[in-house]
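Okay, so chain A shows up in both of these, paired with chain B first and chain C after.
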Partner chain A sequence: MNNTLIIGQYVPGNSVVHRLDPRTKITIIFFFVIIVFFANSFWSYAVLTLFGLLSMFASKVPIRFVMKGLMPIWFLIVFTFLLHLFINKDGILLLEWSFIKIYTGGVIQGIAISMRFFLLILITSLLTLTTTPIAITDAVEQILHPLKKIKFPVHELALMMSISLRFIPTLLQETDKISKAQASRGVDFRTGPVKERLKAVIPLLVPLFVSAFKRAEELAMAMEARGYQGGEGRTKLRELKISKLDIWIYILFICVIIGLFLTRNYG
Partner chain B sequence: MNKSVVKSSSMPIVEMAKIAIVTSLYVVITAMLAVISFGAIQLRLSEMLNYLALYHKRYVYAVTLGVVIVNFMSPTWALDVPIGGVSTFLVLILCRAVTKNMENEIMKIAITAVIFAFSMFTVAGQLTLMLDLPFFHTWLIVGLGELLSMTIGGIVIYFLSKKIDLSR
Partner chain C sequence: MKIKDMIICSLFAALMAVGANVAPFLTIGGIPITLQLLFAILAGGLLGSRLGSLAMGLYLLLGLIGAPVFAQFRGGIGSILSPTFGYVISFIFVAYVVGKLLEKESVSRVHYISAGMLAIIVNYIIGTNYTYFALTFWAEAPEGFSYIVAWSWMGAYLPIDIGVTIFALIMVPKLKKALNYRPEVKQKAA
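Up next, the complex of A and B:
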């Protein structure tokens, strides 16, 4: 069953990065994504790369998991590198072959853009690799909490996310079962003309939708029977807490930001 | 009399459950039927779920949440989640508003496909920001790909809507 996209992301562990409050991770990654665009020199990229590699080693997540995140987009990185290599005409001419001319500016820009993308993926992957989806949902609920003042349904949103995360493995199994049942009846999803293959998708989707709606009604009934009431005043099963470790990581990240701005335009 | 300190939710439980389960369905369809390829043409089947918003308002939330969860699995989630989430929500609202008074279902599907293809400037903008790609060329390529996926997805959802009442 192909469930690597959803379930395979999180790598269980007890590393420094795993122990961080998910809000800390989301906040730091969010600001990292912004500051990475301010890097414009060798040393500024070096500061960010050092932080990225340190975070990755601290997470104790095997490198192959990080590389797995890169796999679907390595083509895009290579394509972008080549694009900048061939269209940028700044600097000294390095190579000339037929109509292809490569300048130093193209090489530098290609490396810089690829590096930026690599850093983005490295750091952002660490959240999903070291945090369970349910912890991310709890953190998102806490981060969005101020929006309650404008009557944004933060709690409902978090609840719906939690329920849907809970049901993803169940529906994955259901889909697998239905597609195998249809395949045993001779439905072919992989070969044949476009029209036939599109037709083949319908018998898969109909029972899937019907069973999903049935599950939703059963779930709602079960929640109502147990007297579920959402909103303010509810206690939480999982409480998030900012620890000393989180404070130290924030301080380290502020040092990285200062380091980045001090090294801009150098090298 | 004891006054409860728990304020009840603003949304009916059945609605929340339906939204949550359709959100799961979105994620599952994206994962299991991620791409159906016809030679060089790649169709993202999950794009067809955008049309669900035309049948009921609850699917606007379900699809948006689905996009948020799926985007969290992307290596560039820090950009994909806020940009993808907000743009999907706004585009779905826009599609519902534009097609509100239309009777012809095929026309509704066609207009939605065009709006979604046009809205790909958000993805193009993101790629321009991250990779310094030329904006208009990227928009054109991504937009055409989306239009193709949405057209094929529209055919699937049209036939699906004939089999199940998606508005219930």
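Up next, the complex of A and C:
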């Protein structure tokens, strides 16, 4: 459990998608999410699907990891598909069985909307599958850098995110330790009515919070003692670099956008 | 912002991630309850409105960049599409309203009760509207899906959430005493 959390959903690798600069990936995904909503014809969906599948195979991430990303909204996809199937009444009547009537319009609409979800999830989960959260944090800091001009605390935000990421596994471990310690003293978490079990959370929560706050205090003091004073003039451990590969991917993506608008249905 | 406040916010966001997933023993009908609402209220109560809502915002960002911090170890930008993402957004406002009510000098029982009620109201209004919005906008659900249907779905969780809220509000003064941490509240110039 702890190991999966440190690295998130990241699948280590050295594929083309892994080697891309995280800023490139974030930018492309940002625009992809927007243009998905412009697709409205068979060929425009085909262009986007081709790009999505191409990225997936280029990333060499096993398909079951991608499928795992689909799980949270699996229900939504099925639900919308059925809703469109049964309620949309455009086109030719395909099937009639007592009160259920299925029209071609419903089938097409249902498939189109499900495809949209599939593409969105596919491309966004590729980001988290091929990039560590810490790399994304660095990239976000770089992308938002211009906002510093309007006094938006970009560096502070990135620092806070890195600290959180660093401490999630620690706190999970701590929780595990405390709950075992309390269980050995006779606290029963697993049986009894819900109210009793909620009460059993108290001897877990109080030490957890106390230790978390103590850690915060120690860390703050350590940082102050080492003269931490914000982002001005700090150097970085991990430098981001735009390579030739990134530029090629940008060009490819612009082609996809052009392709989408050429095959789109106007009218 | 003081370094200590910044770090406390980060740690609270991390605590929230723990709270979303740490209670496998708290199940009702096989569905694990998350303690997210509990932690959101505690964030407001312990850190105050400003830092509390900041911590919750941080938690949301952590989830979006792909750390599996949401319930059932989920995360990633894709979670925006999930119909229950509205609850994650609502925690920012829950922490804010609870913090606003409880950060005063003298806090009475009335403050606690109204904080609890407001927390649930904010949580449900934002959460349910998001569900409705998600289903109508992204899924383009036709007329068959009405606003009332969305609300009746959510109503099923109400008793649990009320219980968790009451529990959270009992915990706030206890933890305050144990932690001995006073958030900086901007005092109006007298």
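By our rule, the second predicted complex is superposed on the first by the 246 of 267 C-alpha atoms of A that agree within 3 Å, B and C clash if a C-alpha of one lies under 4 Å from a C-alpha of the other, contacts with A are read in each partner's own complex, and residues count from 1 in each chain.
The rule we apply is simple: a contact is a pair of C-beta atoms (placed from the backbone, for glycine too) under 8 Å apart; a residue touches a chain by one contact, two chains touch by 3 or more.
These figures come from a predicted structure and were not determined experimentally.
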>> With the two structures overlaid on chain A, would chain B and chain C clash, or do they fit side by side?
In response: clash
> Looking at the overlay, does A:213 come into contact with chain B only (first), chain C only (second), both, or neither?
Replying inline: both
> Does the superposition put A:69 against chain B (first), chain C (second), both, or neither?
Replying inline: both
>> With both complexes overlaid on chain A, does A:52 touch chain B (first), chain C (second), both or neither?
In response: neither
>> Quick check for you: in the superposed arrangement, does A:160 touch first (chain B), second (chain C), both or neither?
In response: both
> Now for A:224: first (chain B), second (chain C), both, or neither, which partner does it touch?
Replying inline: both
> Looking at chain A, which of its residues have contacts with both chain B and chain C?
Replying inline: 5, 9, 29, 33, 69, 72-73, 76, 80, 83-84, 109, 113, 116-117, 120-121, 124-125, 127-128, 133, 136, 153, 156-157, 159-161, 163-165, 167-168, 170-172, 175, 189, 194, 197-198, 201-202, 205-206, 208-210, 212-213, 215-217, 219-220, 223-224, 228
> Can you list the residues on chain B that touch chain A in the complex?
Replying inline: 4-11, 13-14, 16-25, 27-34, 36, 38, 45, 61, 65-66, 68-69, 72-73, 75-79, 129-133, 152, 155-156, 159-160, 163-164, 166, 168
> Which of the residues in chain A end up touching chain B in this complex?
Replying inline: 2-3, 5-6, 9, 29-30, 32-33, 37, 69-70, 72-73, 76, 80, 83-84, 109, 113, 116-117, 120-121, 124-125, 127-128, 133, 136, 151, 153, 155-157, 159-161, 163-165, 167-168, 170-172, 175-176, 179, 189, 194, 197-199, 201-202, 204-206, 208-210, 212-213, 215-217, 219-220, 223-224, 228-234
> Taking the complex as given, what residues does chain C use to touch chain A?
Replying inline: 1, 3-4, 6-15, 17-18, 22-23, 25-26, 28, 35, 42, 46, 58-59, 61-62, 65-69, 72-79, 81-83, 134-135, 138-145, 160, 163-164, 167, 171, 174-175, 178-179, 181
>> Please output the residues of chain A touching chain C within their complex, sorted ascending.
In response: 4-5, 8-10, 29, 33, 69, 72-73, 76, 79-80, 83-84, 86-88, 109, 113, 116-117, 120-121, 124-125, 127-128, 131, 133, 136-137, 140, 153, 156-157, 159-161, 163-165, 167-168, 170-172, 175, 189-190, 194-195, 197-198, 201-202, 205-206, 208-210, 212-213, 215-217, 219-220, 223-224, 228
